[in-house]
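As written, the chains take the letters A, B, C, D, E, F, G, H, I and J, and residue 1 is the first residue of each chain.
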Amino acid sequence: MLFQVEMTVKLPPEMPTEQAAEIKARERAYAQELQHAGKWRHLWRVAGSYANVSIFDVEDNAELQELVSSLPLFPYMEIRVKPLCRHPSSVRDDDS
Amino acid sequence: MLFQVEMTVKLPPEMPTEQAAEIKARERAYAQELQHAGKWRHLWRVAGSYANVSIFDVEDNAELQELVSSLPLFPYMEIRVKPLCRHPSSVRDDDS
Amino acid sequence: MLFQVEMTVKLPPEMPTEQAAEIKARERAYAQELQHAGKWRHLWRVAGSYANVSIFDVEDNAELQELVSSLPLFPYMEIRVKPLCRHPSSVRDDDS
Amino acid sequence: MLFQVEMTVKLPPEMPTEQAAEIKARERAYAQELQHAGKWRHLWRVAGSYANVSIFDVEDNAELQELVSSLPLFPYMEIRVKPLCRHPSSVRDDDS
Amino acid sequence: MLFQVEMTVKLPPEMPTEQAAEIKARERAYAQELQHAGKWRHLWRVAGSYANVSIFDVEDNAELQELVSSLPLFPYMEIRVKPLCRHPSSVRDDDS
Amino acid sequence: MLFQVEMTVKLPPEMPTEQAAEIKARERAYAQELQHAGKWRHLWRVAGSYANVSIFDVEDNAELQELVSSLPLFPYMEIRVKPLCRHPSSVRDDDS
Amino acid sequence: MLFQVEMTVKLPPEMPTEQAAEIKARERAYAQELQHAGKWRHLWRVAGSYANVSIFDVEDNAELQELVSSLPLFPYMEIRVKPLCRHPSSVRDDDS
Amino acid sequence: MLFQVEMTVKLPPEMPTEQAAEIKARERAYAQELQHAGKWRHLWRVAGSYANVSIFDVEDNAELQELVSSLPLFPYMEIRVKPLCRHPSSVRDDDS
Amino acid sequence: MLFQVEMTVKLPPEMPTEQAAEIKARERAYAQELQHAGKWRHLWRVAGSYANVSIFDVEDNAELQELVSSLPLFPYMEIRVKPLCRHPSSVRDDDS
Amino acid sequence: MLFQVEMTVKLPPEMPTEQAAEIKARERAYAQELQHAGKWRHLWRVAGSYANVSIFDVEDNAELQELVSSLPLFPYMEIRVKPLCRHPSSVRDDDS
């Protein structure tokens, strides 16, 4: 089941550089782990911003909550979620 | 080059049913033609709405304008566009 | 799987009274059918408005889209959807 | 008398971890006490967020204010309240 | 139990003058009836607008819905509702 | 001359408890003084929030500014002001 | 007593040209009459728009309501009102 | 003197095609005349929309108002204006 | 050339009282200097707020930027600017 | 390929003056380097603000992201991006 998740990162300017780097490294590792597991299906940067557009593929709402709230950057992000489903005009078999 | 395009359809309630059906049929044909051509890479319905989330893959901004403004439903939609690019944490070779 | 669905009805003032009455009657029948089927779990009026707050219990996003877009009042409503899941502090077994 | 209460938690990032944990523990205990007392009828997590959707069942507006303003997380939450009442199409006897 | 109700009237410009006058006359009669009954406790015009600020005194949310949705201008108004209760610093015995 | 004044308190979470208590005590004393003087005609809590709805009765705009800007909580509040006047359908002699 | 009044004109596109011209002529005559009477102290066009910024000088809120609601374009305007008073740093004797 | 002007066209769907075509033809002729006169310095389409971003070079605010309010599409556009001036880091002699 | 400038002051609560007093004293001196020079034509307090409505009379956009960005409170204000010009219905010779 | 980029600078008031000066100096050098390289085609100050309107000319979305996210002020700015393309009524050969 697919969800569009839009994340905008808002790190406080006063956070020490090393702390920010450490969080970002964990975020990257976690994001890649979820991608390899097939849970985080797409991940794009929004050009000109510190934001991304993502497509998650999860079992249900509970798994979405579990995965998103475990993001190391979760406390520092504005997140918008939209449930997706197959569009009647889609020609791709795997977009649902 | 990728763009996220979010479209919300707002057909005027007073539009005759046949006219709406005819526009939607043309929209569907056009959407499928662009998908087969590789220009409209993803097309999802936003659940609980008359809206979609789409990913376009175009040569440049001019082609995006040409394709989107030719949509039969273009005069009846609210459209939001975001330029996308490869995310440094993405593991997919084809998401850029 | 639960979703909060908030619906605000905006019937065009120029719609003939009988047409509005007929749509509302079909809406009522459909709402009660979905409630009896266990799909529309809660339905409350927002006091002082022509709006409701609802909880849907569906198989997945696709079923949510199917049920909501089939509402007779669908073309005349503003609809906001939020995916829900069990809250870690909830004490009710059936709220998930 | 029912109210929908939507709460979004915004803990300041600089709050020490133990202080946050202590507030959350008190919040959890209080939430469960109110649920057992029948005052906090439903409590759902909004998937992909640090927010909840709740249904309160209170005597009157004054009791709503007393219960909500006593939440340990009250100073750190954005809260939206909507008064609810029985919907004419509802089939549930206890949803009012 | 008190509620603040803010109403902004948006009559469609194409409504015939007599029809508008007839609705306004019924609105006025109904507003005065509710005021005499003690249900519509205060009614002020917002200066420079076609809007009012009102205080309703009702038994519960259901009565608020019944009274407000029966306003002859109800289909033509934007309405915002806030539940009120006694303020701990109030010195008036009857403001609760 | 009447004004609706809506105040939402936003105390910084890091303010020491005693400092907050001292400001609130002065706010309370000042609010009660203005009420006894007939300047602050109504004061209600908005249920489920740290906000109030108030009606001020002042000589003119200048007095409104003097009274409101002297509130001890003034630097910590979001304030919205609406000028009010007698509504043509009001039946109360003193609501103007 | 001064008020800033910002008015944005939204004439329905389908209004016949002569009807619009007639309303505008009455609006102009009325605006000039109020200016000569000293009630409408300033009237500026916002460049690049069909909007104005105005300063009214009235006895009280009731007179503001009377004057503004009598504007021939009143049913076709979005209007925002702000009560003004003397600024402590102003050097003009007549700006209060 | 430069102004950024952003225009979004909102033609009513019920406008006859010939009428729309005639207005657009006049708009185009007028836009090109102003460009040749050096008054409309830049004109770009916003990709994926029926909107443009423009830079006007005018004598003063009054000329901006005269030029913009004379646009044939003026009654059908949402327009946002920002006054521009030379940026201290600009290296172009003619961007002021 | 005239501009409406609306300024809302947002001093950080943690700023020491003396520092705030010193900035405000400089702001006051500067505001009065610009008024005497004829550049800051009107300055009103918005009643019930820490905000003002001002009319500036400048040579061009560049002078507006120079004057406004030199305000001692500039880093602590939200500022909205609207270019003004003579209104065709104005009867004042000096309002342009 | 052109993009409109609007940047609003929000430096935290508590940043030491020298640190701010150092960041601004690097921003200025970088902005001028990109202008000389033909990547930052236009750069205007928005009068009365700490904001700019810019036109970037880049190879693709990825280059836009690279250039914008490398701005020394990037962590302190609100940035809005719009993809641009040639307008059918433009008469300039180089505005695409």
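Just so it is clear, a residue touches a chain if its C-beta (ideal position, glycine included) is under 8 Å from a C-beta of that chain, and two chains touch if they have at least 3 such contacts.
These numbers were taken from a predicted model, which means no experiment stands behind them.
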### Query
How many hops, at fewest, get you from chain B to chain G via touching chains?
2
### Message
Comparing the two chain pairs, does B-J have more C-beta contacts than H-J, or is it the other way round?
### Response
H-J
### Message
From the mean C-alpha coordinate of chain E to that of chain F, what's the distance rounded to whole Å?
### Response
22
### Separation of mean Cα positions, chain J and chain C [Å, integer]
45
#### Entry: Centre distance in Å when chain D and chain E are each reduced to the mean of their C-alpha atoms
28
## Note on the structure
Going by residue number, chain C touches two or more other chains at 2-3, 45, 47-48, 61-62, 64-65, 81-86
#### Entry: Arrangement of touching chains [line / ring / star / complete / other]
other
### Task
Let me know each pair of chains that touch one another.
A-B, A-C, A-D, A-J, B-C, B-H, B-J, C-D, C-E, D-E, D-F, E-F, E-G, F-G, F-I, G-H, G-I, H-I, H-J, I-J
### Query
Taking the complex as given, what residues does chain C use to touch chain E?
11, 13-14, 45, 47-50
### Summary
Listed in rising order, chain D residues that touch chain E in their complex are 1-3, 60-62, 64-65, 81-86, 96
### Residues of chain A that touch chain D when the two form their complex
3, 5, 12, 15, 61-62, 64-65, 68-69, 74-76, 79, 81
### Query
For the complex, which residues does chain E have touching chain F?
2, 4, 27-28, 31-32, 35-36, 42-48, 52-53, 55, 82-92, 95
